[in-house]
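Only one structure is covered here, and it is reproduced in the block below.
Letters A, B and C mark the chains as written, and numbering starts fresh at 1 in each.
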Amino acid sequence: MNLTLKIWRQKDSSSKGQMVDYKVTEISEHMSFLEMMDVLNEQLVNSGEEPVAFDHDCREGICGMCSMYINGEAHGPDRGVTTCQLHMRMFKDGDTITIEPFRAAAFPVIKDLVVDRMAFERIQQAGGYISVNTSGNTQDANSIPISKHAADEAMDAATCIGCGACVATCKNSSAMLFVGAKVSQYALLPQGQVEAADRVKNMVAQMDLEGFGNCTNTGACEVECPKGISLDNIARMNRELMKANI
Amino acid sequence: MALDSKVPKGALKDKWTDYKNKINLVNPANKRHIDVIVVGTGLAGGSASATLAELGYNVKAFAYQDSPRRAHSIAAQGGINAAKNYQGDGDSTYRLFYDTVKGGDYRSREANVYRLAEVSTNIIDQCVAQGVPFARDYGGLLDNRSFGGVLVSRTFYAKGQTGQQLLLGAYSAMNRQIARGKIEMFNRHEMLDVVVVDGKARGIIARNLVTGEIERHSAHAVVIASGGYGNVYFLSTNAMGSNVTAAWKIHKKGAYFANPCYTQIHPTCIPRSGDYQSKLTLMSESLRNDGRIWVPKHLDDVKAIREGKKKPTDLSEDERDYYLERRYPAFGNLVPRDVASRAAKERCDAGFGVNATGEAVYLDFAAAIIRYGTEQAKIKNINNPSEAKIKELGKDIVKAKYGNLFQMYEKIVDENPYETPMMIYPAVHYTMGGVWVDYNLMTSIPGCYAIGEANFSDHGANRLGASALMQGLADGYFVLPYTIGDYLADDIRTGKIPTDTPEFDAAEKEVKERIEFLINNNGTHSVDYYHKKLGKIMWDKCGMSRNEKGLKEAMVEIKALREDFWKNVSVPGGLNEMNPELEKAGRVADFIELGELFAKDALTREESCGGHFREESAETDGPQKGEAKRNDKDFAFVSAWEYKGEPADAVLHKEELEFNDIELKQRSYK
Amino acid sequence: MGGFFKSSIGRKVAMALSAFFLMFFLLQHLAINLLSVFNPDTFNEVSHFMGTNPVVQFALQPVLIFAVVFHFVMGFILDIKNRKANGGGYVKNNGAANSTWFSRNMIISGITILAFIVLHFIDFWFPELNVKYIQGDMSGMLPGETEFRYHEELVHKFAHPARVVAYVVAFVFLGLHLAHGFTSAFQSVGAAALRKKLNTVGNAYAILVPLGFIVIAIYHYFNH
């Protein structure tokens, strides 16, 4: 198929960006979206132009590196996938596809479609861990039974890949699905209880400091999340924070 | 330099304990004055960074991604082995040790493997304490599954995302230390050279991938944890950015590179669909527990299928060749990875490949669906169930076991694997070879260590399923933090290593000249053009089966490709900015050098062992006819290569492997 | 606890708490207004009680006013903050793919409701204050008569079609506001399970309450 691409080009964080039109031809429907981008970049390199910079790494939907806003949706029109798992069969011959970086004040653009998601790192550093030494001299792994239900629910929260689609898609650029998932993982496990109050306070404080917006419960994040992280995690974080303050 | 593995004396089971008791320690007050650089923050590098920082060292950690959490350890699906014997099925440290050495086709170092098996149990305790949500049974205790044809259930797992959860565990431990200021994290940085001062590794030159700035970083020791080099094949299950650069740079500065030809080719990957393909996707080996692998018996059926005139489901049982069940009646579809991969290649080479590229075989769940469905009908007391009902019940069970994999397959291939057989083909997955290290995990450059997939040590010529995660974390959490202290104990009075020395000047100059050359070359071909060419040579001639003629050709072709690359490569963009093409160019340049050494190593090893199959070294008759033939008399050694200017001129050093606690046997799966 | 209400989550919990109060108030208001249709006498009596009872006037009314003002002011503050957090928006954004229009535009429905409240205050509350506290007439009677004035005043207001239209439009927006707000408030206070269970109740509330007010306005328009 032949496609017209409208892509955000921006030289670096201090430059102004703009949308630029490109044409690609003979795109196979079996290609992944990023392979289509590879075709475009190969074309640009061969004509001496600078290729479009975009983040990507594992190309199997788990590293959370890829981050495009495609036709008005984070990771494009398919559900439960990252951009690298989006396939060109979702598009038709002759389509015009708009490709933008994830946008949020807390995610400044570094170049073209690459954004800086260090805010997520700092939130995790504020408390996204259990303070246990890595000596290996902890108690035996089976000494605390954890109900299968709690373990499974913690796993569902922990499955977050930190891609930032929730922030990108939220009209308020709120990071609460991301933070809620992390808070929930530990809140659901007995190991996480000791520091639960400090953890949620510190992580929320850092989240606010980073300039993310507030959650207005539109639920867009849950729909666009490639890993299907549930809104329940935000509610749980709200509860945890209330609990921590009472 | 003579190779000294520094394996401690004494009985195998006491070596590690005795060694730890006698090792030099650094007092906590002195650790504050010692810096350690860790390059790579996957399971090995991440866990090592966290532990070293916790001990009190000042750690500088480097990752080319924007976060340690994105390292490719995250993509590991199946699980992690540990000799916990929670299932009471006879597992023990010795048995895990034995399985690993045997699985590695007797080409690993006994003492290292035994230590790995010993610390495996600590890993699980540690990860649970960190909040890793491993799967549990209804009693609330940890669940296990069996994996890769071993006889016990010792694999711990977190859904199909075990690597992700373990990495996030190590990442959380890192975050704790980053917050304390004990780890200084350098995201989006790539190491481009190691700096050796007075024979010791004392720092690195790194490029800031956002600004393009070339930076000097000094430390008292350098740890390389940069993973494997599977991307030398262009197409592999590795991440796009996975590279050999850090390992190759230290090789060029004096670290020996061991067994580069040992590559694991995983049998259950989604086949290539066209030339545009950028990477391959692995599906868990667990699929082979229920799927039956076949190709059509007759070539005209193959043709009809390729032309779309027939569907695989049209073929009767008689028209199908379940070649693994035919060739290996004892193990059937559950033969080890290397055997399954070679068998698929053999059928496809004979023209039986079932997709347009001719490189795919079927993995069929129809029989499993009927089997499970019939069983369910009995459990649910349904008398005379219809075929449709049986299928419906069976599909539910298959969905519960493999649902996420089936969904992934459907997303990529756009076919419903519940209705039609999946297509699979082997793909490069893991490299057992790597930087040579001694028992302390130190390379042949003093003060330079290699851990995780980047080193060569524990898996011999073939790695067992669910052992990569175990090794990465064992090295990082529990081995390196001890052994590095023994070396650093001599550095307590050294003081901060200055970066304004001639050694740093020289290393930086070299790095700058190289990247400036690439940018200014203004050639005619893109970096990917060369990477794809290299990949094709590697796959065709250093792939699943190798022969002398092919390997010799490969060496010549790769050398020619390298010369062409340096003449005609085109790298757009500038130096002082984010430039992904420049990053790729540097990595591919190193792959082209490694590829040649790879071929040379494969050529030298005139035996078949594990992932390395030499066509000249196969059983010629008897029941094992056509199977791999190992040669313990002449090749029970580690090939450690010393760099001498050109990969072809590398000098071979042999570390003889001694097996005192294990009897060498031929692997048979007939 | 002070720190809690300064945090983003604390603020949205505060929004939810004020919303709960306002939603309860709406029900109460609707119930009394419905009396004006079914039983004008009782309506008059209840109105007089509400208008003159000191507990209602000097304890509940200030709380209500505070809740209304707080809900609006905090709503605006959060909206401004949220707009700042948003990195300038997209060239192409397909919001409809993942959320409802009314959940994304609470500020628009909110502003419409605010405009309505201003009108409503001019219509009822200010005259009421004038009569009771400035003129000092606490009798609740029509001037010079022995009948309560409340029902008469209410009916009189809805004589004008423009006002009825304004009321109907405002209540449609109130419905949209509630269609998201009802369940959203439960989510904000952490009651995720209730949010899902009360989905139908929330929808019913968001439709029936504004519809009730609309019916009352139209009824009086045609029956004055």
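One rule holds in what follows: a residue touches a chain if its C-beta (ideal position, glycine included) is under 8 Å from a C-beta of that chain, and two chains touch if they have at least 3 such contacts.
All values reported here derive from a predicted model rather than from experimental measurement.
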Which interface, named by its two chains, has the most contact pairs?
A-B
Reported most central chain by Cα centroids is A
Need the CA-centroid distance for the pair subunit A / subunit C, whole Å please.
38
With chain centres defined as C-alpha means, what is the inter-centre distance between subunit B and subunit C in Å?
63
List the centre-to-centre spacing of subunit A and subunit B in whole Å, with centres computed as mean CA coordinates.
26
On subunit B, where are the residues touching two or more other chains?
none
For the complex, give me every residue of subunit A touching subunit B.
11-12, 28, 30-32, 34-35, 38-39, 42, 44-46, 48-51, 53, 55-65, 78, 80-81, 85, 87, 89, 110-111, 114, 116-118, 120-121, 124-126, 128-142, 144-148, 151-152, 154-155, 158-159, 161-162, 185-186, 189, 191-192
So, in the complex, the side of subunit A touching subunit C is made of residues 6, 8, 19, 69, 71-73, 77, 98, 100, 103-108, 169, 171-174, 176, 204-205, 207-208, 211-220, 223-224, 231-232, 234-239, 241-242, 245-246
Which part of subunit B faces subunit A closely enough to touch in the complex?
47, 50-51, 54, 65-67, 69-72, 74-75, 84, 86, 119, 122-131, 133-142, 158-159, 161, 164-165, 168, 171-173, 175-176, 178-179, 185, 187, 210, 237, 239-241, 273-274, 276-279, 281-282, 407-408, 411-412, 414, 477-478, 526-528, 570, 572-573, 577-581
Could you please specify the touching residues of subunit C with respect to subunit A in the complex?
1, 3-4, 7-13, 78, 81-95, 97-100, 103-104, 106, 180, 183-184, 187-192, 195
